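First subunit A sits with subunit B, and in the next complex the same chain sits with subunit C.
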Partner chain A sequence: MSEEKVLIFDKVDKIIGKHEILNDVSFDLKKGEVVGIIGSNGSGKTTILRLASGLSYPSKGTITVNGKVIKPGMVGDLPSGVGILIESPTFMQHLTGFDNLHYLAKIQDKIHKEDIHTALRKVGLNPNDKKKVREYSLGMRQRLGIAQAIMENPSLILFDEPTNGLDEEGKKLFGEIINEYKKRGTGFLFVSHSREEIQKFCDRVFKIEDRTLMLHKNLRNWFIVLQNLEDVEKVLQLKPHSRISERHNGNPVIILPNEGKEEVDTFFQNLGIQYQLLKVE
Partner chain B sequence: MILRLLKEDIRILMKKKSAWFALLLFLLIAGANIMFIRSEQPIANPYFEPPSAFEYFVSVQGGGSGFLMLFLPLAVTLATGDMFIRERRSSILSYSVVRANTKQYIQSRTVSLGIASFLFTFISQLLLFLGTLIFFPITQPSTDQGIVYYAANIFINNPWVYCFIIIVNSALLAFSFSCLSVIISIIFQNLYVSIMLPYVVFIGFSEILMSLPMFLGFQGALFYNLSPLSMAGDYITKSFHWIIVPIYWIFVGVISVKIATSLFNNRFEKEKLLLR
Partner chain C sequence: MLLFEISRFIRKSKIRIVIVVLLLLLASVFSKKNVYELLRVSNLLPDNAVLSVPDFLIGILNSTQFVMYFIFPVLFSILIADIITADFNEGLINFILPRLKNRFQYIITKCTMVFLMSILFTCFVVFITALLVAVSFNMPFNHNKYHYIFLITAKSGGSMFITYMSMVTTFIIGLTFIGLITLVVSFYTRSAGVAIGVIIILSFIHNAFYVVSSDLIIWLPFSQYIVGLHNHFAPYGIPVRYFTMHFSNIYLFVGIALMIVLLILKIRKVDINNVESKG
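And now, the complex of A and B:
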């Protein structure tokens, strides 16, 4: 993961009317990183996305995308682009999914029809489907929303409850999209009320507490490839909740449940054994 | 961006049932208007010379027995009046705004919808003109036809050019009317209000201006002549220079685009524009 920062919130406040929604919010998002924000309903999660996308004005502080301080309403001027999916996406009902995306793509004219087809296929929609959006199910509309956010390969993608209405296949495709775009260096900012969803996809998690952001431990299951069985024994002794998984290329694999990334790294560094991260769930 | 959006608007318009319905209704109403005009012609008068195709085309526009001026804005409403409000009532507007800066976007959007409306009306009027050429004699308009006072010399000497001017005038009206629809869609979020209010404003504002002579006397005639309804078709009975009508609609169109832009930016800044 590159240290290059895609998004920086610096001491951002947001006041709407007499209500303070956010207070002194600061965080950053690196290239290829997935950052999640959890919080209860009405805690200001969506407001953070609206601020990051330039659809809303910060009352105080600055927001930087790819080194440029964003001015609300001017995000489209950023050469790198920002993809958004905010709340339940609604489209022009009388048009097909492809027509909706084609219309949006023509605003910047950076991509061709084939790229829209590719984006639609990635989310499991048929690009040649003549069905109007009004006939789409909630899950199909959500998939279309994800396709519009990714189709122009923006450097920053903002997702609000992205798996809303998605079935298991849709969630699997979504996970594949995240992995693919992460490898390309795209930064993701996720907000969700679902801790499980956030923990599954995110490298770092923040929680909104009392109108500000607090770093939250992202506890996940880590699949670690070790060199030999002696190392496995050492780990099992020190981490009694860990368990053995299927071998990977002949090497033993151990699962460390409910751990944070920093804790895992520190644990193996202190132990002085060689390890390789296989996957995280 | 205007051209790209215009291409999309035309593509959408071609697939839109209400646009085809508006075109059909326009031609039917124009046809009914022509039949009405024919019903007023003297019967069994051997000296009566049947009007030319040009006279029929110009007569239906407004003034005298023509009432197309009342239907023209309604046809534009049916064809393009709902396009911006549907965008605003969906996430499309938010998705669009992150792809362009707001000023550039709303200007391009208003102008592209205006041009789409211009083209729709231009084609509708052209089809009507072709229809009159098919069904009625293509003869020189009579010098004592007594209907046309607007640029009458062009009408008599070059009726082809004259009819082209009339078509362009209607299309320019459609551009301005479409801008009015965008303005109203920025203010109101209700679909039906945003679709119908521009027509109500158009007629209502015209009626106010047209009633001013009652209060202001002779000076009020200027307001009467410059009312949108009068400039939509009634102008053919007024002895204006030919350039007055296109300039009027271009002026209204430019002002409308500016109002739409500043209103859009204002409501965006106040965070009252996009879906929450």
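And now, the complex of A and C:
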């Protein structure tokens, strides 16, 4: 992950009509980093994506994308190098998936048909499928939406409820895309109402509470190897939500769900038992 | 982005284009009789005179009341009224804007589309429907010309070719202005239907002023693109001294600039959301 920042929100307020949607929101996103934002419906998650993509401008504060401050200015400045999938993707219903992307690619005219084919294959869609988008299932539309967001190799990708409608295979392909693009230095910003859905992809997770953004410890499932069953019992008594997993090299393994790294370390140090981190999911 | 817009428009509006062309064809058939009657009541046609193609073409572009005040503006507004609102309603704006450098580029592309559509519409009117009707009714191409524009241009020593080119150019610019009015109304109200409604109401207002022969009609937008209505062609045109082509050119260019400014002002800061949201 590079230290170069692709997105900076600095004390951003957003007021629509008389309603304050966001208040004093600050965060940044580095190259190759995946940041998630969770919050309930109507909490302002999608507004953050709209602000980052120039579909909306902040009422106060500044937003910088790829070094460019996004403000109305004289001509309504827009960020460059941004791919976006926002809300339920709507396409030109009477066209095939490939034709839709081909039309959209004409706007910038910087990629070829082969690039569109590649993007479609990455999300598990057949580029030669003659099916019209109106015949697509929700999951296929979501895949197409992801393909349109990645096809021009943007440096920042914004996803709203990215796994919405995706089946297990789709989620797996989505994870592969994230890993591939992260390696290239692409930054990702996800928003979702479901922490479980996005936390496995994210390096950092924020939560919207009371119109502002707070760092939410990156909560994951920690697979911990313990020495004996007595230790497992101790942990289960103190952490009733933990689960027992398959043994590792004969030693018992326990899964601590939704914990931050610091909390895990502190917990075992206070407990005074030996442990070894096996993996994080 | 223009390539995207053109291909998308053609793909999306095929049926609408066909309907508009058919209606233009009907209007041309109607205009054949209308032009003839107009010249006859103006005592410009001798008995048993035959209407020629040049008279017919000039006549269509100067058929004030029904055709130029109603049919053309309304059909043109139907053709282009939703080129912005459809992006919002269909959610495609979310895919289009992040691919542009700025929002000004979006609006200028839409304005360019209106201009291109006005050229296309003029081609439909002049080269397809009118000529089709002329050929279908066996109108002669070379024959005596009776339209007052021919008579007055010849009398003043002007070139008929230049007059005709000026007529077509003014028609294109006038349609562009009408199209931009439609876009402004549809964008500000977020409804293509309201915009078409406004154009229909404007058509009625023009007709009302025309019927009562009010000189105030020279200030109305649809009067500017009818060359034969200008003072130069009085007594058939409106005998107001300053109602010249120069006046209309300034009117149209200022009007077009104003509409573009209104569109830019709206797009510059508006929160892009679905059609119901407020900017």
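Here, the second predicted complex is superposed on the first by the 211 of 281 C-alpha atoms of A that agree within 3 Å, B and C clash if a C-alpha of one lies under 4 Å from a C-alpha of the other, contacts with A are read in each partner's own complex, and residues count from 1 in each chain.
Rule of thumb we're sticking to: a contact is a pair of C-beta atoms (placed from the backbone, for glycine too) under 8 Å apart; a residue touches a chain by one contact, two chains touch by 3 or more.
Not measured: the values here are computed from a predicted model.
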item: Touched partner set for A:L229, first subunit B, second subunit C, both or neither; value: neither
item: Partner chain(s) touched by A:M214 [first = subunit B, second = subunit C, both, neither]; value: neither
item: Which superposed partner A:G17 touches (first subunit B, second subunit C, both, neither); value: second
item: First, second, both or neither for A:L271, with subunit B first and subunit C second; value: neither
item: Common ground on subunit A, meaning residues reached by subunit C in one complex and by subunit B in the other; value: 16, 53-57, 72-77, 82-84, 86-87, 89-92, 94-95, 103-104, 106-109, 148, 152
item: Residues of subunit B that touch subunit A when the two form their complex; value: 1, 4-5, 7-8, 11-12, 15-16, 86-87, 89-92, 94-105, 265, 268-269, 271, 274-275
item: Of all residues in subunit A, those that touch subunit C in their complex; value: 16-17, 50, 53-57, 72-80, 82-84, 86-92, 94-95, 103-104, 106-109, 148, 152
item: Interfacial residue positions of subunit C with respect to subunit A in the complex; value: 1, 3-4, 7-8, 11-12, 90-105, 264, 267-269, 271-273, 277-278
item: Residue ranges of subunit A in contact with subunit B within the complex; value: 16, 53-57, 72-77, 81-84, 86-87, 89-95, 99-100, 102-104, 106-109, 145, 148, 152
